[in-house]
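In the two complexes that follow, chain A is the common piece, with chain B as its partner first and chain C second.
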Partner chain A sequence: MSNLLEVRDLSKRFTSAGGPFRKARSMHAVNGVTFDLPKGRVIGVVGESGCGKSTLARLILRLIEPSGGGVNFDGDDLLAKTPGQMRKLRARMQMVFQDPYSAIDPRYTLTRAVAEPFEVQGVTPAKPMAEEVADLLEMVGLNPGLATSYPHQISGGQKQRVGIARALALRPSLLVLDEPTASLDVSVQAQIIGLLEDLRAELGLTYLFISHDLSLVKYFCDEILVMYLGRVVEALPDTSAPARHPYTRTLMESTFEPDPKKRRLIAPLEGEVPSPFDLPPGCAFADRCPKASALCRSETPELSADNGHAVACHHPI
Partner chain B sequence: MAVRSLDAFARMSIGRAFSSGVGLVAGGFLVLLVLVALLAPWIAPFDYAAQNLMNANAAPAWPHLLGTDEFGRDVLSRVIHGARTSLSVSATAIAISMTAGMALGAAAGYFGGFFERAVMTVVDLTWSFPDILIALIFVAIIGPGLTSTTFAIAIAYLAQFTRLTRAQIVRLKRETFIEATINLGAKPTHILLRHLMPNAIAPVIVVGMLAIGDGIVLEATLGFFGLGAQPPTPSWGAMMSSGTAQLFLSPWVIIFPGVAVAVTVIAVNLFGDELIRALDIRDRLRGA
Partner chain C sequence: MLSVRDLGVAFGSVQPLSGVSFTVSPGETLGIVGESGSGKSLTAMSVMGLLPLIGGRITGGTVEFDGADVTKLPERAYRKLRGGKIGLITQNPMTSLDPLQKIGPQVDDVAKLHMGMTGAEARARTVEILGTLRIPEPALICDRYPHQMSGGMKQRIVIAMALAADPDVLIADEPTTALDVTVQAQIIRLLDDLVKERNLALVLITHDMSVVAQTCDKIVVMYAGRAVEHGPVEAIFDRPRHPYTQALIACIPRGLDDATRLTGIEGTVPTVLNYPKGCPFHPRCPRAEAICAVEPPEFSVEGDSAAACHFAEVAHVQPA
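After this line comes the complex of A and B, so read on.
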């Protein structure tokens, strides 16, 4: 199976300019992320808010310029593309956004919103536009009768479906899902996840699924990347693999169990996430880690693989 | 499709602005005023420039309903023609100012960086000059008259439109739908013209509407000082200026153009407030 997406040592450093009354500061939002996404697979990226997941998604789609590293999409080196070439390529790599409430222009009817991808790319659909729009709405489970509605007239779940229809209009091969259900009710979440599963099977899509919800990622994805403060700390080759990094372990133990007989006391993580502007030397997780040693506080552990299961920890479980 | 939905939106909002009592009275007056200005030559009972020194400074009475000035010219006819001058100068100036301000503000807000700082510095500089001084500069360059007045008013309000548009664009640029559209492969022109501007335009138009009222006052001020319309062209400000000489002898010469300015400006402001309410954009007018 060939890789649709190859991400190599991708990094983003944000800097704020200094002035007479403040120091220049910089933070590594994403630090040396490397992974392969084979065609047809679903990789989940999981981590606390602020760990750089959303920045990673935008770096991969080159919505923000990386400070270092590379992205190879279906054989194309994205960072070598001119803005014009990049705009053409975007048709094949789409994104579903976290906030469906502001993801559609409030002055656009659903028809106009769903037809916009064709307009922007200068593509004439095979069928008449009205039919194409109706088909797309139907594909994401919306009544084509809603075509003349405005975004404020439909619900959050319906808006997210419109977002998905827009993303799929040009038949992309890669879909980056940036917490597509985080701002929706739980019942609506399930519908959207179901829809995404159906669409993947139907259209042969490849997903990069970003979420803070580990149980959702375990359900939805084939592989899981766990991020902590901009770094991938563990790459689980499948969802049943036991956690080897203490951070992943804590994340897994803090998900709720629906079966009351299996419920156990959830041990909360000690301490605070360190400020990304002022990272301690060594492992960023050391201050919150029960297994931390002197080595952890002086040397940053590298991601090293063992049987396809990579972990960045001096004392893996 | 796009144009139709925009039209429907605008029609709905204007309809709502007229729906309150205040909005109906103020808006009705403004519609009437525009009609009067447009039809001035047919409505005015006398030639605004026709002098009759035998009947100078006549008190309001038939057939000169608002009296006559020191040259015996009919004050009513001059107020009616003055509406034409005041409205057209103010509206033209604000239209120029609004167009330039929207273009500058949108470009500054969209591109940011050095370009934004350069534009905003220059625009803010124009704000630091008193309006009268700007008018004097134009009078010095192209001589007194309505052209100078128009440009002076246009420059006086440029900063306001530029700052407001820029603030809207900067706020809208962060919305998810902009990022989503960029991710569809849209060009900057598409983002600016199809998404940013249509969403930014409502508050700018309302401020433009209100600025027409201020422009009328500024036009009257410049006319009062003799920097605006030159005789015999009637302008409310110039009429008041000539009226000061006979303030006690024939007060109607200064009172009626003054009332015209006051009522028009009040109507513009009241209707503008109703528009702000109808469009529900009060919070968007702050911070610009």
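After this line comes the complex of A and C, so read on.
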């Protein structure tokens, strides 16, 4: 199986502007992320707010410029491309955003919203545009009769379907899904996830699925990357692999089962995610970790693999 | 302790809520679940006597607190109850706190107002409560502003405010929806402990069936402004009898041992202006028949639970 996407040591450092009373500070939003995404697979990236998962998504599509590392998409080194070349390539790598309410221009009819990618790319579809749009709407389970509606006339779930139709318009091979269901009701979330499963099978798509919801990621993805403060702390080769990093275990224990017979004793994980600015040396999770030792506070653990299951921890479980 | 019977709410001629009933006793957690737009928050606002603020009124039914109907209480008397005997925790801790005031005075105000404490007494109480909520260095926190704190910490402060006057009933409206999973787990654990330690009656409003399964003793499932099923939590999860409850449970991804495909529910929650006739769920229901579009179903009782469905007797026999 060949890799559609190869991410190597990808990093992004943001620096806050200094002022007369404040020194400029910098933070590593994404720090040395490396992984391969084979064609046709679904990799889930899971973590809490501020862990860098959305920044990672944007770096991969080069919507923001990385500070270091490389991204290889289907044999092309993305960082070597000019903006013009990037734009052409993006026809094959598309993104679905978290908030369908702000992803579509409120003044556009659905027809225009779905046709916009063709305009931007200067591509003339094989069929007449009206037919193409109708096909796309149907593909995402929308009634083509809605084509003349405006975004405010449809529901949140329908809007997210339009967002997916736009992303699919140019027949991409990679979809980056950034929390596509986080703003939707559970019933609608289940519809959208079902749609994404069908589309993947039908069109042979490859997904990078960003989410904070571990049970959803376990349900939907083939492999899981767990991020904490900009780093991948664990790469689970399949969704049944037991957690080896204490943070992953905490995440799993914080996720409830929809079954009153499987109540959990919630282990009180102390503290919260520290500020990403001026992190102390060593493992970023050390202050909250029950297994932390002196080594963890001085030396950052590297991600090292054992049978394809990589973990960045000095004392893995 | 708190008993709501056949509650109806109207805004002008529009009736978004009708026939909602539940009771909750000390030491007990009741979950109210449903999709957005099903009337969960409106139920909370009715119980808190806040409807006049948004132009609504109670058109029927009773809200009994400690045996006395409070729906007819004048606003002055309600003020003693609200924040005093009944505490409210809202969804968004960012908007529940005054951004211009330090944490300490905001929490102090509750005890001053409801318990007639002096400033020093109230502060001592604030520090004590913050301590029981496992907030590190409570005395220092009192001098902080809300923007200096994380979301989870702010939600704890909101809980502290709700607890400051030592209420008997706590209403928590989506208390963890805005929080990360590990913080959600901490807050849920905290609420659980409070119910046990203080013998509180907790009404937990949520859209998340997994949170309900984890914490509640009994649940009310709401759809389109009506209660459609209620009962003990084990019974409802074991044998959900209303197709809407079944569908809600089927929407949640389970662990790996269950490879069932997520199905979702076709269509969307109707808006209050076009609630369907008959059973409100019939346009989205896989099991609907002619009668469902005409006649509103009565509750069919089985043990301690009840479902408002014409086919409740046979519903659970079908594969979920």
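Going forward, the second predicted complex is superposed on the first by the 316 of 317 C-alpha atoms of A that agree within 3 Å, B and C clash if a C-alpha of one lies under 4 Å from a C-alpha of the other, contacts with A are read in each partner's own complex, and residues count from 1 in each chain.
Throughout what follows, a contact is a pair of C-beta atoms (placed from the backbone, for glycine too) under 8 Å apart; a residue touches a chain by one contact, two chains touch by 3 or more.
Note that the coordinates shown come from a computational prediction; the quantities given were computed from them, not determined experimentally.
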Which of chain B and chain C A:Q189 touches, first, second, both or neither: second
Could you let me know whether more residues of chain A are touched by chain B or by chain C? C
First (chain B), second (chain C), both or neither: which does A:D9 touch? neither
Thinking of the overlay built on chain A, is A:G163 touched by chain B (first), by chain C (second), by both, or by neither? first
Mind working out whether A:L61 is in touch with chain B, chain C, both or neither, as first, second, both or neither? first
Have a look at where A:D198 lands relative to chain B and chain C in the superposition and call it first, second, both or neither. neither
Determine, under the contact definition given at the top, whether A:E299 touches first (chain B), second (chain C), both, or neither. neither
Looking at the overlay, does A:E131 come into contact with chain B only (first), chain C only (second), both, or neither? neither
In the overlay, answer first, second, both or neither for which of chain B and chain C A:V120 touches. first
Please name which positions on chain A make contact with chain B in the complex. 61, 63, 86-91, 94-95, 97-99, 102-107, 109, 111-112, 116-117, 120-121, 163, 166, 170
Residue ranges of chain B in contact with chain A within the complex: 1-2, 5-6, 9, 175-177, 179-187, 190, 195, 198-199
Touching residues (chain side chain C, partner chain A) in the complex: 35-36, 134, 150, 152-153, 180-186, 188-189, 192, 207-211, 213-214, 216, 233-234, 237, 247-256, 261-266, 268-269
In their complex, what parts of chain A are in touch with chain C? 48-49, 155, 157, 185-194, 197, 212-216, 218-220, 239-240, 250-251, 253-264, 266, 268-269, 272-273
